[in-house]
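Sharing a structure with you now.
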Amino acid sequence: MEKASFLEIAKSYKVIFFDSYGVVKNHRGLINGSPKVIADLKAAGKQVRFLTNDASRSPERQMKKFRRLGLNEIEEAEIITSGMMAKQFLENKVNSGKVAFLGTPASAQYIIDANLEALHISRVNLTDIEAISAFVFLDDEGFDWNIDINTTVNLLRKRNIPVIVANSDKLYPVAKNDVSIATGGIAQLVSSILNRQFIQFGKPDSQMFMYAFRHINEQAVSSKQDILMVGDTLHTDILGGNKFGISTALVLTGNTRAANVESMIRTTGIIPDYICDSIVS
Amino acid sequence: MEKASFLEIAKSYKVIFFDSYGVVKNHRGLINGSPKVIADLKAAGKQVRFLTNDASRSPERQMKKFRRLGLNEIEEAEIITSGMMAKQFLENKVNSGKVAFLGTPASAQYIIDANLEALHISRVNLTDIEAISAFVFLDDEGFDWNIDINTTVNLLRKRNIPVIVANSDKLYPVAKNDVSIATGGIAQLVSSILNRQFIQFGKPDSQMFMYAFRHINEQAVSSKQDILMVGDTLHTDILGGNKFGISTALVLTGNTRAANVESMIRTTGIIPDYICDSIVS
Amino acid sequence: MEKASFLEIAKSYKVIFFDSYGVVKNHRGLINGSPKVIADLKAAGKQVRFLTNDASRSPERQMKKFRRLGLNEIEEAEIITSGMMAKQFLENKVNSGKVAFLGTPASAQYIIDANLEALHISRVNLTDIEAISAFVFLDDEGFDWNIDINTTVNLLRKRNIPVIVANSDKLYPVAKNDVSIATGGIAQLVSSILNRQFIQFGKPDSQMFMYAFRHINEQAVSSKQDILMVGDTLHTDILGGNKFGISTALVLTGNTRAANVESMIRTTGIIPDYICDSIVS
Amino acid sequence: MEKASFLEIAKSYKVIFFDSYGVVKNHRGLINGSPKVIADLKAAGKQVRFLTNDASRSPERQMKKFRRLGLNEIEEAEIITSGMMAKQFLENKVNSGKVAFLGTPASAQYIIDANLEALHISRVNLTDIEAISAFVFLDDEGFDWNIDINTTVNLLRKRNIPVIVANSDKLYPVAKNDVSIATGGIAQLVSSILNRQFIQFGKPDSQMFMYAFRHINEQAVSSKQDILMVGDTLHTDILGGNKFGISTALVLTGNTRAANVESMIRTTGIIPDYICDSIVS
């Protein structure tokens, strides 16, 4: 673990995996200078991917949102969301039936793209649930927490079906000092109440890294030694990158602040290869 | 562990501690015949207490609700709620300031009775929290889960104050086959998100048993060998009674059904002294 | 929470509950000056009790050990061990049969004092276990961890009997910078492997505080407001004292050091009423 | 989920992933008829791989052990162990220094094969640990549990280095009705004591499935729809296979018995695509 300049260390890698929130953008918008950094990396022939624990909207919508913010260099194919892992699971393992979900209409796109019928939890009738073949936690918005989380608990007590958590993050920042409970937090509440283990997607799990790696690999440009994961969160970005066997750089523009980075690394035992102030320096 | 008649085994004890929900009443009202059983026990000189994991209303209101249902033999002093333990804690350890809470106005009575100012979570202004000296999870109703649970998380990130869970139950039944997430489930979500341990009251914790025991003892009628705890839930009523050192009887009119009682005892390792169909046979 | 002189604040209380290790003694012996502090408190008419998470030896042996170290003012009746809570449980709830245990011969005294037959785990024959009526985790010494912990797992898979953890501490210090896994750590391993919940005794659980309180109370000298718990460990001494409703003082001569006391209080949310350098200043 | 003949359903897949213990062999040796089943599958042009949570010996030694038992059709390249994932991690992320470990000399081969120096825990001197760059839990044998697990705890308190769990299983069977605590159980004890998260390899984690899939894929014969995972354990083989997106078959010759398969599926929520009595029918 060494303190380093991101721009300097990036030169040694052919591929950069970026976390999005806390790295490229924050609650105010893009981090100053980040579009130029991304553009320069691509101009230098490096491949970039954005690995984000998010199932609230499709990669296409995420790309458009990035562009609206001013990051024009980003392509839809460079965005890898945990929602895409959930969609893959549904395609591979759930062949028919209705898929009930917690989330917004935009998040339901992942179900629809798997050629399945999406059923919003508020439309579930607990006396008529035989046709429901899976359940997905997609987003923390788009439903009434009190009524709809309780409906979820009762649905899953009555139907033993695959349950997918499309974003395992427990919290996300909504302002400089304020946070909001995320999809993974709600899923954990239900999981704990039911004493059942759900299928979780998102960093630190290996599947998103594997997906990005295969995507890169098919273009025959990299081994794991050529890849750097950049993130602001020890227990998702850094733990996941370390376990996958790639280099990891922690930036201090998001969840981990300069004041407590040392104590957090010591208490968690999650050790990045590099610590960088930000991706723009 | 033996299958037994409750009416028969009750003869051997001078004091009976009853759980309320699933034992004396259920979602439809009083269990048929239970008022006569309570009346007969008292007529036979036995003392009874009702130990309930509940902070939604005061013992006085609970007594009145029991009487409205038809259980006239019950006195306010015979009702011991987990909310009373929270009130005691506030009296002993929180001397001044405002106490923020999640719950209904009726549940706030426990704070008011401790001579403290109750501040509903919806009235908390996150930029003005210095006067808040404690937080209590009282009830799962009376607030907007999405907005107010998130306010709770942010309040507790900013203020390191005592946090009390006045009812540690995670679930409660609302119909024959349906349940609702209870106060303890919501508290656990917040605790897990913050990675902090709260002060929890309610069975199986010893404090309610101790309170009831001292209450009885002061009347000089019992040792622990003279007391029987009757409940429908292994991990609250039976675990708590066993640990406190009193006899325990599991009834099959609530959370534990005849069909799975054996497997639940085997998998949990929580072993009642007696298993009874109900308190009326 | 305020920084304070122990000798000063002790004046305001009629009863002092002391944790033993890290407060009165450490791995080198008695903390310099502690015998005089204890003697002075008693001379001033205060009652003292020593509440220790320990089941490795009887209160009598603990008293003798204290005296050998030079603390002559201590009486056997002033020592309250978590082992005594386990003994009480056995007396109240296990009437006959053999009680298997992990620990030394000295620790088995708690079983013998409950008028039960103690059976060391190494003498358990897994094909002849019908007579075993309970199991107790007493001490981390006196057995072969590999062989005997595995025998424990297999015994408890085959016999559904009460399992008691007579000391829930996970670690204890054995030198300035070295620790050893304690009874509670071993019990947690077995509990996790079996997915069963055991009956645990020791701080922060209320039962030791209740026992000490009744012991004091019978001599009619105190209400909870008159009692101060002094300890070196946030999640046992301070959490337990707070929850029981008595005042709490954290000393910095054991598990919690001056350098990290603030961050530990912030991250755990366990807040002592006072912080004192030691009991001798 | 349907009850099915393994021999029948295997016809629909081009690739079969087998768990080893409880599927092909048990504590008595090979399951009767399993060599012929494997031979027939290979003769029919199917690829097979053996995915085993094991780091006690190298794939070469595992292959030789299989052959000694009578399974001659097996090749070293068909065996994928969780130890191989640990070796990969060491190769990718630990470039120099000594790697301390818990395990037998045979298990240390995984460290040596990563071109690193293996240091048995019993040879660690706690006053000279600066050269230790990683720690690996390899096997539950080959060390003194009491002394060496405590040395591990103290080493990891003093050195913040990557910690790898090369086999996350908590238990393994040693006789018809007896079990032994496995590497993952010991690692969990240490992790819980230190309150730190380790890097775990082995099913249900995706990395072994990914490794096997890439191995197959390079030979250009399969998509995920062509693969069947066969295992005896819901929370490793079946959960892992489901999450990876391949078909799963539970056999009843190991950890999951016919008598409780339905209740285990219901309580865990882990649902195999098929249930088969064994791989030989």
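By written order: A, B, C and D. Residues from 1 in each chain.
To be clear about the criterion, a residue touches a chain if its C-beta (ideal position, glycine included) is under 8 Å from a C-beta of that chain, and two chains touch if they have at least 3 such contacts.
Keep in mind that what you see is a predicted model, and the values were worked out from it rather than measured.
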{"item": "Interchain contact steps from chain B to chain D (minimum; 1 if touching)", "value": "2"}
{"item": "Chain separated most widely from chain D, comparing mean CA positions", "value": "B"}
{"item": "For chain B paired with chain C, centre-to-centre distance based on mean C-alpha positions, whole Å", "value": "28"}
{"item": "Rounded Å distance, chain A centre to chain C centre (Cα mean)", "value": "45"}
{"item": "Chain C and chain D, separation of their C-alpha mean positions in angstrom", "value": "40"}
{"item": "Shared interface positions of chain A, touching two or more other chains", "value": "none"}
{"item": "Touch-based graph of the chains, sorted into line, ring, star, complete or other", "value": "ring"}
{"item": "Chain-to-chain touches, reported pairwise for every pair that qualifies", "value": "A-B, A-D, B-C, C-D"}
{"item": "Residue ranges of chain A touching chain D (in the complex, touch as defined)", "value": "88-89, 91-93, 156, 160-163, 194-199, 205-207, 210, 224-225, 235, 239, 242-246, 265-271"}
{"item": "In the complex, chain B residues that touch chain A", "value": "126, 144-146, 149-150, 153-154, 157-158, 170-171, 177-181, 185-186, 188-189, 192-193"}
